[in-house]
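Structure in structure tokens, see below.
Should a chain be cited, it is by its letter among A, B, C and D, assigned in written order, with residues numbered from 1 in that chain.
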Amino acid sequence: MTVLINDKTRVLVQGITGREGQFHTQAMRGYGTKVLAGTTPGKGGQEVEGIPVFDNVIEATEEFPEINASIIFVPARFAADAVNEALDAKLEVVVAITEHIPLHDEMKFVALAHQQGSYIIGPNTPGVISPGMCKLGIMPAHVFKPGQIGLISRSGTLTYEVAASLSGAGFGQSTAIGLGGDPITGMSFIDALRLFETDDNTSAVVMIGEIGGSAEEEAAEYIKEHITKPVVAYVAGRTAPKGKRMGHAGAIVSGTSGTADSKMAALRDASVTVIERPIDVDEALQTLLKS
Amino acid sequence: MTVLINDKTRVLVQGITGREGQFHTQAMRGYGTKVLAGTTPGKGGQEVEGIPVFDNVIEATEEFPEINASIIFVPARFAADAVNEALDAKLEVVVAITEHIPLHDEMKFVALAHQQGSYIIGPNTPGVISPGMCKLGIMPAHVFKPGQIGLISRSGTLTYEVAASLSGAGFGQSTAIGLGGDPITGMSFIDALRLFETDDNTSAVVMIGEIGGSAEEEAAEYIKEHITKPVVAYVAGRTAPKGKRMGHAGAIVSGTSGTADSKMAALRDASVTVIERPIDVDEALQTLLKS
Amino acid sequence: MRQFEFEAKEAFQKVGLSIPRGRVAQSSDEVEQVARELGCPVILKAQVLAGGRGKAGGIKRAETPKQARSLADKLFGMEIHGHLVNRLLVEECLDISQEIYLGITVDRTNRRPVAICSGMGGVDIEKVAKEHPEKIARLAVNPLMGLREFEARRLVKAAGFKGRTLLHLSRIVMQLWRVFSDNDAELTEINPLIVTTDGKYIAADARLNVDDSSLFRHKTLAERLEKGVAELTELELRARELGMTYVELKGDIGIIGNGAGLVMATMDAVHYYGGKPSNFLDVGGGATADRMTQALDIVLSHPDVKGVFINILGGITRCDEMANGIVASQKTLKREVPMAIRLIGTREKEGAEILQKANIPFLETMDAAAQLIVEKTRGGEK
Amino acid sequence: MRQFEFEAKEAFQKVGLSIPRGRVAQSSDEVEQVARELGCPVILKAQVLAGGRGKAGGIKRAETPKQARSLADKLFGMEIHGHLVNRLLVEECLDISQEIYLGITVDRTNRRPVAICSGMGGVDIEKVAKEHPEKIARLAVNPLMGLREFEARRLVKAAGFKGRTLLHLSRIVMQLWRVFSDNDAELTEINPLIVTTDGKYIAADARLNVDDSSLFRHKTLAERLEKGVAELTELELRARELGMTYVELKGDIGIIGNGAGLVMATMDAVHYYGGKPSNFLDVGGGATADRMTQALDIVLSHPDVKGVFINILGGITRCDEMANGIVASQKTLKREVPMAIRLIGTREKEGAEILQKANIPFLETMDAAAQLIVEKTRGGEK
């Protein structure tokens, strides 16, 4: 089985009537994702692509109790409330696509999710995909292929870059998880590594990190102790200067901490194969999986 | 055994260096209560009656891990924080003597206590006493005698009135619980009734209610379903007018709800022996316990 | 502590709620002027800290500034449930298309705030609750989280609203939550919230009761309370300043005791034996002799009082202190009335001696004392 | 968004924290006048949105108003880490008995706020953390509860404070929490908090970084950002207004891509092959042709740029749109520089055709394009 989402995933789309919500609902369904319902406050009773729209999450989950995941396309100032609403309905996986959600709101809903054992993916993420089974996100699906590589990334497009490279070389993916580009995200590398370690369908893990914070360093410590599967890592932003955000709110070197070099050193120290160019991922995996 | 407190209760006094804190610490110890430590922020390192004073609850409980209850003599504007601190230290019973704690703060700490399964007694309570074993409060101890009557009251002095009457007639008390005179209290009649119902040492319960809210009505419903022991009830405030607070913040008839007559009727309907004068409690019990 | 309507509306405005155009006037001249400024018709609303103002004739509609003046002449000086009208809120008339009820209060049973919404606004919500319980939606708020937007929507939806109205009302419920939360409210209400014919949402009436115990965080309200601009009568305010709780009632037997429950029971005992309490007075725990003297002074300041029942059950409160206070007050009392004194508990022996020396009789049970004072006052003794 | 020191101090004052007497001056005349008003000695502090201001000579002490003027003459117009000094905060000198560090920031690892206290204030806290980790106390805050008073006391106690100081500092930590919480802060710091010789607690320096994503709740800050009074350079601000992220760097190869991670990787690839990026520019997801044209315009506005690398991996972003944008900009470009274009993903065939028609070469891999642009710019081609 894959991690987080699979063919049993039943999806609610929050913000389904918006432009993005509609577009990606169609794309997800096209991929085979089971989207059962959507919400947009004030638009209950409408339909989008034949999918019923509700005013509130609870109405949708009462009608479709099998819903266990949600994806959120709600503007930033309302998105935290949407996440809280999904958590309140005890959904297991909540994907928050939205960028620019206030940091304090993020800390709150992440704490709440941890309390109740739900997974939040993102915010500011392309989502999560278990190729061939379920896509809960906005990624271009064609670059992903079913297979046995677990992919974890803080970046969107860079994930597609690496996934395309992997797929091209015959390394399909079990699940690809976009952690999200904000300083506070629902899942960390450690959370994702833990899932992949016990997933029978995953034989190796590729991590795509970037500057800012210390999630990669902590992952390195965790890998030393708990991860037996081979891990390849790429870290973006070696040339980023201090004190400047590189697009993502979380991608910033503060003082001397959060540099790509520190992350790469820590990962190497944990016997992770650290690559300097995304293109090197195939070779690294080939070497690792041969041995 | 008694409910809430007994000879295994080990006590922390929060606000021990204040006038009231000192006075009642002495009184409680005189009664045999095991007071192990006290707190007053900024006065850590001092002693009161040979009892060590700490700056923080956590320091006291680290030094005396056997502490399982707390009594709070802290001025109103700091009292909610003191309750939260006691809850944070996971104390099982927290007695908040203080009157005039803000209502919103009370709702918060009561919710927190329920979440973690701690009991808050009060606020605005004389406390709780298991006669002959442990006194965690400010009540005049001599009016209480050990025995088998569980006493639950929303009022202070009226409790002493009834307890004195009971003790005089040979009806000692297992435990007497002052619920507190505020609209929001940590324990309700129902919470206390539930404890007494399963307490082997309690053979009958006396409830002292008053106008305001609907705790007595709810207790009546609960008694119908769950209480097998005889219950006697007195309700104060039959002559109180509408819309005026009778001393206690919680003692107010709002609109048509919260009248003494409605409470008495509900209790009678639940086969509780409702008495019209406190003095009638002995006779009521004698009748009930004979049958 | 109940706020005046105009004060509650100020609090509403602070969080962005719309209120009718208008302002407070303190004279008929001013009322006429405001009416002119606003353009008639206008509504005149007596600003008193009492409910049922409308039924009591405290709300009037004026078609012209002149009529506003003449109505104001009648309203000023009027008494509504014992409260003198000295301020009128003059407001524009709204074109009503719908009246909605929104409120947040404290649910004592569940020990948390409860938000309430109903499409049947403009009438007594308790009445609606009784006659059309299905028309009222309620939502319990987790006090540790506060009300959240999706919960507000759930409430408003449950009350039967949809579409854009659902969004508008939910936003207003969130604003009302801020009023509740920022002001440590016991209760805040918009009844009615008016949807005007041109689609605006306006809080036509406003209620806000602030928790007295929270006033240390609300300095301006605390100051107002000290200045006596509240529901309290003069005597009640004086007692409050002295740290005692005194409530004026309609009877003729003064009641003094220690502890709220005991004082209520004392009132009930007097009533049981056929008397009528003229007040509730709790001297509080650990009161001194002085306080007893002050308590007697306050109770006897009420002109209807024909006798006084003092009921002391000493715990922290000491009987000797109370006895000393009673004796001391004998010399200074405004007038002599029959008394019944019951004095037991801490230091009761010392207290008894003090009273005996002063030749003041006392009793040991509440019921005996209650019977005594009822007899004495009924008998027409002085 | 970093606040100026004087703005942070205003936020501090709002919650009751004490700050030194003083005010902002915008000319040497004004500095002299403020110095006279306050009484010398005074401190002049350059108001720039950059750290390390002290070491860079941006803080001076003046013994007389005249000296204040002459120091101000030098400070105004000075550049500190690329930021022009055009405001000075003139403040009283404090008699220091102790310097304390207090801060609240976001702990990304634990995904919650962390409050920090140390008796070693007035110096770089990161340095203290390295050299004397035992001198720093930290406390994780539950974001759902907020910081509570007893937790503040626990923190301050853990930092080694006792008695009245413990109480004072705990209260200040709570006030700082309010600054953090009310302002959606990423970071707020008092370093140093000065205990004066006469026992007052004064925030001598103040730092407050507000979360950009929260600015919709902080209208005045949002307005300021729009006016450009922030850390952003002119080009960065222009890009922001257009909805793109542009960061100026020191190199000479312009970088444009879609997606922050991809753009960083593109910069890294350029560096890997020996080049130096002159900027970071993310056109964002689903960009249109216009946006690509604007992006090229911004990148080429940087005078150092000798070549541009466009790296597009189409997902939501369509290659044909990007190609159209590139073609369109050929006519309007300020200047002609070598380009390397990599274009794959959604609609790559259509994009390729558009570029081919316009005779613009492109590549399929990031690495090939990186090598190309490094060669072209190094070769001195035009």
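Keep in mind that, in the parts below, contacts are C-beta pairs under 8 Å (C-beta built on N, C-alpha and C of every residue); 3 or more make two chains touch, one makes a residue touch a chain.
As the structure is a prediction and not an experimental result, all values here were calculated from the model.
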Tell me which of A-D and C-D has more C-beta pairs in contact. A-D
Inter-centroid spacing, chain D versus chain A (mean Cα positions, whole Å): 27
Cα-centroid distance, chain C relative to chain D, in whole angstrom: 53
Between chain A and chain C, what is the gap in Å from one C-alpha centre to the other? 55
Specify, in ascending order, the residues of chain A that touch 2 or more different other chains. none
In chain C, what residues contact two or more other chains? 144
Chain contact topology under the given definition, line, ring, star, complete or other? other
Every chain pair meeting the touch definition is listed as A-C, A-D, B-C, B-D, C-D
Going by the contact rule set out above, which residues of chain C touch chain A in the complex? 148-151, 153-154, 157, 162-164, 166-167, 170
Quick one: in the complex, what on chain A touches chain C? 41-45, 55-59, 78, 81-82, 84-85, 88
Per the contact definition, I'd like the list of chain C residues that touch chain D in the complex. 144-145
Spell out the part of chain A that touches chain D in their complex, as residue ranges. 76-77, 100-104, 106-108, 110-112, 115, 126, 138-140, 143, 153-161, 164, 181, 183-185, 208, 210-215, 218, 234, 236-241, 243-251, 255-256, 260, 276-279
Sites on chain D touched by chain A in the complex: 51, 106, 108-109, 111-113, 126, 142-144, 181, 184, 186, 211-214, 216-217, 245, 247, 249-250, 257-265, 267-272, 276-277, 280, 282, 285, 313-316, 344-346, 365-367
